[in-house]
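Presented sequentially are two complexes of subunit A, the first with subunit B as partner and the second with subunit C.
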Partner chain A sequence: MSLRDVEVRARKTEAIIALAIILATSPIIIGFSLIILSSFSKSMVTNFDPSSFHLTLENWINLLQGKSAAVGGLKENILKYTLNTAVVALGVSLVVTLVGTMSGYAISRMNFRYRKHFLLLILLLHAFPGSVLIVGVYFIYRLMSPIAMGSITTFSFFYVIIARASLEIPMAVWLMKGFFDLIPWEVEWAALIDGASRLTVWRKVMLPLVKPGIAAILLFGFLAGWQDLIYVRTFLAEKTLATFIEYNLGTLEFAEMPLVAAAATLYLLPTIIFFITSQQLLLKVSLAGLKR
Partner chain B sequence: MKYKLKDFLRNKKYEYLIFILPALILIIIFYILPVALSVYISFTPLKNWNLDKYLGTIVGFRNYERFFHMLQYDPIIRNVFLTTIAFIGITLVINVLGGLLLALATYFVSQKFSSVFRTLWLLPRMAPIAVYSLVWYYFFHGSDIGTLNSFLMYLGLIKKPISWGYDIIPWGPWSIIIFVNGLVGVSFGMIIFTSAISNIPKELVIAARVDGASNWQISTKIFIPLMKWHILYVTTWQLLSLLTTYAHIFLLVQWGLVSKQYGTTWSLYIYQVAFTGRTDQGLAAAAGVILVIVGGILGYITLRILGFERMITKPRGDI
Partner chain C sequence: MVSIKLDRVTKRFGKIIAVNNVSLEIAHKEFMALLGPSGSGKSTILYLIAGIYKPTSGRIFFGDKDVTEIPPKERNVGLVFQNWALYPHMKVYDNIAFPLRLKKVPEDYIRKKVVEVTKMLHIDHLLDRYPYQLSGGQQQRVAIARALVKEPLVLLLDEPLSNLDALLRIYVRAELKKLQKKLGITTIYVTHDQAEALAMADRIAVINEGKILQVGDPETVYNRPSCKFVGGFLGSPPMNFIEAGLEYANGDVYMIIDDNKIRVPRQYIEIINKLRPDKVIIGFRPEDTVLVRKERDIINRTCFYGEVYAVEPLGREYIITISINAKLIKAIVPRDQVFISGEKTVVCPLEEKIVLFDVKTEKALELLI
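Entry: the complex of A and B
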């Protein structure tokens, strides 16, 4: 542990600051807890009224069995939606990681002709998020989508993955550049002088050295794909957990809200698990923009 | 043929192409092409995504004229603009100040405690957007099931539930979208500032402590002056992202928690006009093109202010 401050700080002021932090965080804690709590109750418990809480596992059983009364008795296959969400998230994660590690290496280690322009482009796109281009992106989707109805689902998965991944590419490239920048040059020189090609150096020498970076970018890509709502609802031919929640709240009168709360809790679960297991990695990822 | 390709790839001069090609292709398909197509669509009367019927017709600048005409005379578009300005201005202040306060506050408490709370503050940014929206849907719900309403009624501050998204126009709906997006943005500032503080030599803090400086004095006299670049970075970066993101408020408007009239920002408006209800892609594309131009200019200024040249130093000792 590094030295942060002297030991003689007043305990009292520290307690006051800690209390202020807790107070400021309380809406987040209360909001999320109430949704999770509601998923174990017969009706929503969002109003501090203990009488509305009746412990039950019914929501979870109904949810996992797909016996949802949510939309007029329609069967909802929640496991399939979870699987769809996971497919999108994993796809985004892999695409982002592959592209990020390749281009990150190039701009960190190679001095090519248009390097400056490429970097400027990446930084500009990083600063100016591409989600606003969705009208054009949907237009391309329509132009490219196959006529045959059978293949449209597969195509929509493919498209939503690469389109969503592209949003994260500038960030990913910049993040990986930062990780490659930290590796000493001597390692690479040795391999290059021995006659290895850049591709071999990248694959066999560099990638093993940036494992923390790869883990960070895999996680970051996964969470980006997992949390997405807009791209999934716009392009995907099938439902995910996000669109399930969206449509069920749209029909509030018929929907069993605690069931939706259970779906939301299920949806939140991987995020929480990653939070507990890889805090430091998440903080590292969020710092990616800050490399000078 | 195969031999020649291999030869080409072996050539040192073009080796980099293999590495940047995947990124380049994705950037062309999903950034450059969409901008070009948006410009084209903005010159057509495209409606309801009926490509066959409308795509061949060019109407010149009519969509842009409509947009500016509506800006002057249509209260809906005018409200979109007022909302955008209020939303960006206030959320930006909350993001930067909130992030700064959190970073400073968590510095002065024990490390274990602060790392738990810093992680909690990442939740709004990392949680699935649909879940995050659901949380605030119930928190701000206009009836007595809303968490905020029931809390205020419990305290006796209000007699009957307030419909936050509709009642106090325009500040009710504005407060909700500002609050919901503000929480997402605070974590960005907090992380950047926390890292900046951890890079400041601690001898400065200790010397100040020995001289009897308080937390407040250490913050304002040491930390903040040394973080000027970071504050600028967070402010400009956050400005651009607030201008273009709409995912976190989309469902709040869609679900009717906040009034559409005062809960729609410019970028959300583009999405709504293009994809929900009676769609009009020509108009949406025109509004989008203007936003891209504004954003592009702001982005370029941002990079100039932050010292772009400093961020892209050449790789050392390339062979």
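Entry: the complex of A and C
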């Protein structure tokens, strides 16, 4: 046996691990590949049968022109759905970041009664799946929803954003608390003594130092809003990409499946792009406790 | 530049009293060291002066001006933290320029000042680096430059040398002292290292458990400690302490250490006769102790018998630990005087250097009259 450093695994072990990871992820990768492939095909590519693939851009053209199902002939405005999805996603992202950053700072810096219990309570909130809470959330929705029908659409957007964001906030608060905990008190004090006001300290010293954390919760918030189906489906007065796809799947007999595949691909895009571009950032997040 | 006055300042954190009724005056241009073990409240005093903490009671004055209620940014103090607290996301130049930028002075003036102060501290070639690209000594100088650039009334240093390696510390010590004298800036230096305090300060305030035990110049604090704690905290190795019973016989007083019966040092005879204690603690410094082999070599009236317990050669001198009936004391002897473990010896503390402490209050006897 040759000598090696502690962290270095044997080549053979490494190959086995790599193979195991590939095998474990292959169903997901194959599934996504088939959807993307089908979106460029006349009929769905299924059962690993390459003969069912006939290249066409028709699906994408139809999709962007707003034709939904060839059979139903219903006009569906996909661009509007995409916009709706983006509004919800950005809204969630913004609310999560604002609340997460500020409460993370407060919890990290302020020493108040029952602080520890409060932190544990937040964690407990995070443990509840959103779908479990939906009855209660719907009840509040009914209580709050305006009587005037004209404003219900606007209200539903606000409501979905706030409700969905509140599911993400516990995690964001914990993450940001961790980032602020890493900044020593002395750095803040140094700035105060250098002549900065509390607000200037926050803006010029604290925020730049927690940038990776802010970027991470912005991203997580956006993806949470973008991916959400159940809250959007329950509360939003309009369709998003998720509900559009779900609606089409509900009418499977009539739905033009390659078109749905194209919509699904469009829906997947931000997730893929974000994860590829922000890999470095997300790695940093997971290391936040150890390294700065 | 100003004098600083603390008037009966107390700071509580919940139930803990960090600073207990402290009064202290620091003169204009003076270099004052606050010396104490960790957790003694010395850093808290510094932060009270800086304005980071507000006193629970008491007032703080800069000159004649009461600054107790004034926020830190208006006090014009420079503070160097133990961990230096540089802004990690800013380059050295921006770190040092930060206090001036907040004052909204013109950028050319800022550049001039930054170059001036960094030249003085020999870090003017590092302006484009980030703090993590600097060594400990360089980071420390950047921190000092940042504290000095706004020309503060008071310079506060919170153990600035404790994160440097031992050799660099001794070098920077001298440099810092020189800089302080050159700038003539009122300086308060917090440290737990008695050697640093003795080496640098004009005056030392020894602090323990939130109270100031003694304030004085290094000479006085070292040679005439006001209480057992001060004697035991300063010096390396620290002061020796032996408890002794007192015997009063026909006008004479003797101190009894087990089988040894020795005379009370001359300077204490009057005090002892006034106070009439039945026990005292004898304190004497290892370097004020002479070891002799034979009784005929005895140099004074305050010698007693012991047995060599351990010998530590230190190059320049030897530290000899002596057991007096299982109680250990230390003596520093020149290296040409050879002792071996187990040897019988006579310990002769220099009479005029002996300090006697009260057993109950642990204060020096002369302070109890």
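One rule holds for everything that comes next: the second predicted complex is superposed on the first by the 243 of 292 C-alpha atoms of A that agree within 3 Å, B and C clash if a C-alpha of one lies under 4 Å from a C-alpha of the other, contacts with A are read in each partner's own complex, and residues count from 1 in each chain.
The criterion applied here is as follows: a residue touches a chain if its C-beta (ideal position, glycine included) is under 8 Å from a C-beta of that chain, and two chains touch if they have at least 3 such contacts.
What you see is a predicted model; the values in this text were computed from it and never measured.
Judged by the touch definition given at the top, the superposed model places A:Phe158 against neither subunit B nor subunit C. Within the superposed three-chain model, A:Leu223 lies in touch with subunit B and out of touch with subunit C [touch as defined at top]. Contacts of A:Ala127 after superposition on the shared chain: subunit B is touched, whereas subunit C is not.
Once chain A of one complex is fitted onto chain A of the other, the partner contacts of A:Tyr105 are limited to subunit B, with no touch recorded for subunit C. Once the two complexes are overlaid on the shared chain, A:Pro184 sits against subunit C while remaining clear of subunit B. More residues of subunit A lie in touch with B than with the remaining chain of the pair subunit B and subunit C. Once the two complexes are laid over each other on the shared chain, residue contacts for A:Ser197 go to subunit B and to subunit C alike.
Legend: residue contacts after superposition of the two complexes on their common chain; A:Val135 is shown touching subunit B, with no touch to subunit C.
Once chain A of one complex is fitted onto chain A of the other, the partner contacts of A:Ile28 are limited to subunit B, with no touch recorded for subunit C. Within the superposed three-chain model, A:Tyr247 lies out of touch with both subunit B and subunit C [touch as defined at top]. Taken together, the two complexes place residues 189, 192, 197, 292 of subunit A in contact with subunit B and also with subunit C. Of all the residues in subunit C, the ones that touch subunit A in their complex are 47, 50-52, 71-73, 75, 77-79, 81-83, 85-89, 98-99, 102-103, 146, 150. By the touch criterion stated above, subunit A contacts subunit C in their complex at residues 184, 186-187, 189-197, 200, 205, 208-209, 292. Taken in their complex, subunit B has these residues touching subunit A: 10, 15-16, 18-20, 22-24, 26-27, 29-31, 33-38, 41, 49, 51, 102, 105-111, 113-115, 117-131, 133-139, 141, 144-147, 149-151, 154, 183, 187-188, 191-192, 195, 202, 205-206, 209-210, 215, 230, 233, 236-237, 240-241, 244-247, 250-251, 254-255, 267, 270-271, 274-275, 281, 284-285, 288, 291-292, 295-296, 298-300, 302-303, 308, 310-312, 314-319.
Chain contact summary for the complex, subunit A toward subunit B: residues 1-6, 8-9, 13-14, 17-18, 20-22, 24-25, 27-32, 34-35, 44, 46-49, 98-99, 102-103, 105-112, 115-116, 118-125, 127-140, 142, 162-163, 165-167, 169, 173, 185, 189, 192, 197-199, 202, 223, 226-230, 234, 241-243, 245-246, 249-250, 260-261, 264, 267-268, 271, 274-275, 279, 282-283, 286-287, 289-292.
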